[in-house]
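Everything on this sheet refers to the single structure shown next.
Labels run A, B and C following the written order; every chain starts at residue 1.
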Amino acid sequence: MVLEKKNLLSIKDLKKEEIQYVLELAESFREVSTRDIKKIPTLRGRTIVNLFIEPSTRTRTSFELAAKRLSADVVNISAKGSSLVKGESLKDTAKTIEALGADAVIIRHSSAGAAIFFAENVKCKVINAGDGAHEHPTQALLDLYTIKEKLGRINDLNVGIIGDIAHSRVARSNISVLNKMGAKVTLIAPPTLIPVKIEAMGAEVAYDFDRVIGKFDVIYMLRIQTERQNESLFPSIREYAKLFGLNLERLKKAKKDVLIMHPGPMNRGIEISSEVADIPQTVAAEQVTNGLGIRMAVLYLLLGGGAVGEVAV
Amino acid sequence: MVLEKKNLLSIKDLKKEEIQYVLELAESFREVSTRDIKKIPTLRGRTIVNLFIEPSTRTRTSFELAAKRLSADVVNISAKGSSLVKGESLKDTAKTIEALGADAVIIRHSSAGAAIFFAENVKCKVINAGDGAHEHPTQALLDLYTIKEKLGRINDLNVGIIGDIAHSRVARSNISVLNKMGAKVTLIAPPTLIPVKIEAMGAEVAYDFDRVIGKFDVIYMLRIQTERQNESLFPSIREYAKLFGLNLERLKKAKKDVLIMHPGPMNRGIEISSEVADIPQTVAAEQVTNGLGIRMAVLYLLLGGGAVGEVAV
Amino acid sequence: MVLEKKNLLSIKDLKKEEIQYVLELAESFREVSTRDIKKIPTLRGRTIVNLFIEPSTRTRTSFELAAKRLSADVVNISAKGSSLVKGESLKDTAKTIEALGADAVIIRHSSAGAAIFFAENVKCKVINAGDGAHEHPTQALLDLYTIKEKLGRINDLNVGIIGDIAHSRVARSNISVLNKMGAKVTLIAPPTLIPVKIEAMGAEVAYDFDRVIGKFDVIYMLRIQTERQNESLFPSIREYAKLFGLNLERLKKAKKDVLIMHPGPMNRGIEISSEVADIPQTVAAEQVTNGLGIRMAVLYLLLGGGAVGEVAV
């Protein structure tokens, strides 16, 4: 299967069948990472640029390892101390990276739309690794993979996403993909952290976590940016943790085998208590592992093409 | 052909025939970067250290990719947070990197002469990737390559270099190599940005861009360091742009097919207008692409030796 | 031979025979670094993470090259700008890196005990590359290797370690391993830089360098952290250099062929004079070279296993 779009800028770029295909492919690729020799020659001699204008060690490392396990050459560029990035427009950075012969650019940027703008200026493939509060499509894919792996399906599941919905690209990409695959999404947060007209995306909104927690098959806790407190978006960390944090006490009201997810890094004691973070139902580490498989699959599909049977895994 | 000098510290290290040979070799290597598998085994198992004591993502990335496409192992060392660099003399840094078994060190440093000093303290090969306002030989080579590729020759061409000549290693290396290859160089800038006795390098000086622009085959715009404004080296950014910036209006006075070059990163709206930056005559992106070929050629010649026929490209 | 412990967290993790075996193996691996193709396929496809939460270019580069020469894939993570490290507990960082499929993690941290804590939270192998004032086992091994190579034995040698013993993991690991291998260690420093009860580790203490210098086969100069001056741990840099620095004048009182060592980076003019730093008896550069061999040996033993005869060097 060849993807219809040449880039992965938004989770909306993928059709339902394409998403299912990415998940299948990720399954094969995830197996590579369990071998002693975690490496296949698929993308040997390809150049992949990790352009992290907003820093994210976690995502950068995941993409870097995905590329290396496919035998590609990876170059990391971060904004810090970068004369490339500092002194020029994003357009010129795009032109420069294209001129260096990059086959794919993985871009992380603090501004919504940056990945789309970047892609408009280059012929090579572009993967959005998070642009402002806009999108983070590979995160949505790895979350989908994890839910399907753990619960066997996506369709008709009740998923609660709790936290700073207004500023979260993870929330935005997840709502989009979960809806597309047939899950029902409920967003839970203080009103100040819920964007206006979010219901248009097909999600319900609730303000009282305790009242709705019982219906979820999946509870997805977002990382709270503690600096938002200074913007007066929520009263205090302690108040937030009390009303919206997931602790053992609150968990008693949830379904017994509810799946608990978190994109990391976790603020233990804020959105998730340390006890809940460590129970087997919390699959944050599995999400990380699955992210590698998903990113290998996406890189393979964008750069290598071909059908599953053709993958020399 | 084997280069006479073991290092590339100054463009003056290369004889005319050697320069021609580097350009020929770059042509072969540039082709490697157009393949799907952008990689040849020439320098497999060699260790190349990118020592960027002054940061430059653009140049570092270019050398890193050049080395990787030759299959060398590359280690990046930047001054930021470097206990290696911070706490010791450049001599000891040199001794340490030599002791780690580096085959070649690519050094970028804010002080003129740093590359020469470094090379005096190690047995391995050293490439100057820019030392203060002194030299940047691979930039001069890639510019030469670009001119020859676009205009078919260097000899007798009229080249105008516009900008902060006084603080520019790019200008210095380019004047030197263009003279050697038979071009005529004119330097254009406010008097405060022209170093004393620069005519001794074999270049003419002009202060009125509009009066001389008509004679050039190549217009080379240097990046203006906007912080120089505070040093009172030029009155204001707006004034500078008006008198020395290249815009469509001014370009009308130039030869119709004049080649426009810029080493990047560009300050759109200052030394070059956004419109001029985007016309096909402006070959900034081609310069970047050619830089990779030049750097592969230089690494190959310093580390691999041998004649063109011997290159397993 | 297989090491008894799965990690290298403290030099005490290694039995005497294991230490001797590491030194033998390092001899073979050091030879690899003298080849044109400095690379063997031993750890191809293994993932090694360089987790430097406290920066150290010197040690990071040494481990990175060691891993690359064994053909492993290396990912560097530094604390600077790391959302991985910044926003989460060390436990979660450990879980994340494990989830990425790391085979080994090399950890440098400013807190004593960090490497042990990290290792308790992961199944993969962990190498302590320095944790606070606690331990730096590969430094002790490379120092041991260097002494044995230069003087032919360790047993019964008189070793003086001079400098900030109280805050030095290098001192602590070296005292431990030198004692185990039969050397006699004397520590020399102002009383404020000698920790209480250090004699329990099996070392003698002296405060007058000149009085004891004559008995040493090895003089090991520690790097002085000049910022300690502000903590009033010693009167002034000049005073320290006068009483405890190694200069040509003081060296006259030492044995003629005494071996002079320094872990780097050197403060020329403080703990060691520039003249002494440059005489052939001072083997700081050899220590760096030997460090690579030691680190290749340690990575091989932890990740590859097997006996010397089995090493495809």
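Annotations
Note that a contact is a pair of C-beta atoms (placed from the backbone, for glycine too) under 8 Å apart; a residue touches a chain by one contact, two chains touch by 3 or more.
Keep in mind that what you see is a predicted model, and the values were worked out from it rather than measured.
The minimal number of chain-to-chain contact steps leading from chain B to chain C is 1. Between chain A and chain C the CA-based rotation angle works out to 120°, given as a multiple of 5. Homomeric contact chain A/chain B: same residue numbering on both sides for under half of the interface positions.
Averaging Cα coordinates per chain places chain A and chain B 39 Å apart. Across the assembly, chain C contributes 80 as residues in contact with two or more other chains.
Interface residues of chain C facing chain A in the complex, by the touch rule stated above, are 44-47, 49, 73, 75, 77, 80-89, 92-93, 95-96, 98-101. Every residue of chain A that touches chain C in the complex is listed here, in rising order: 33-39, 55-58, 61-62, 64-65, 68-69, 78, 80, 223, 264-268, 277, 284-289, 292.
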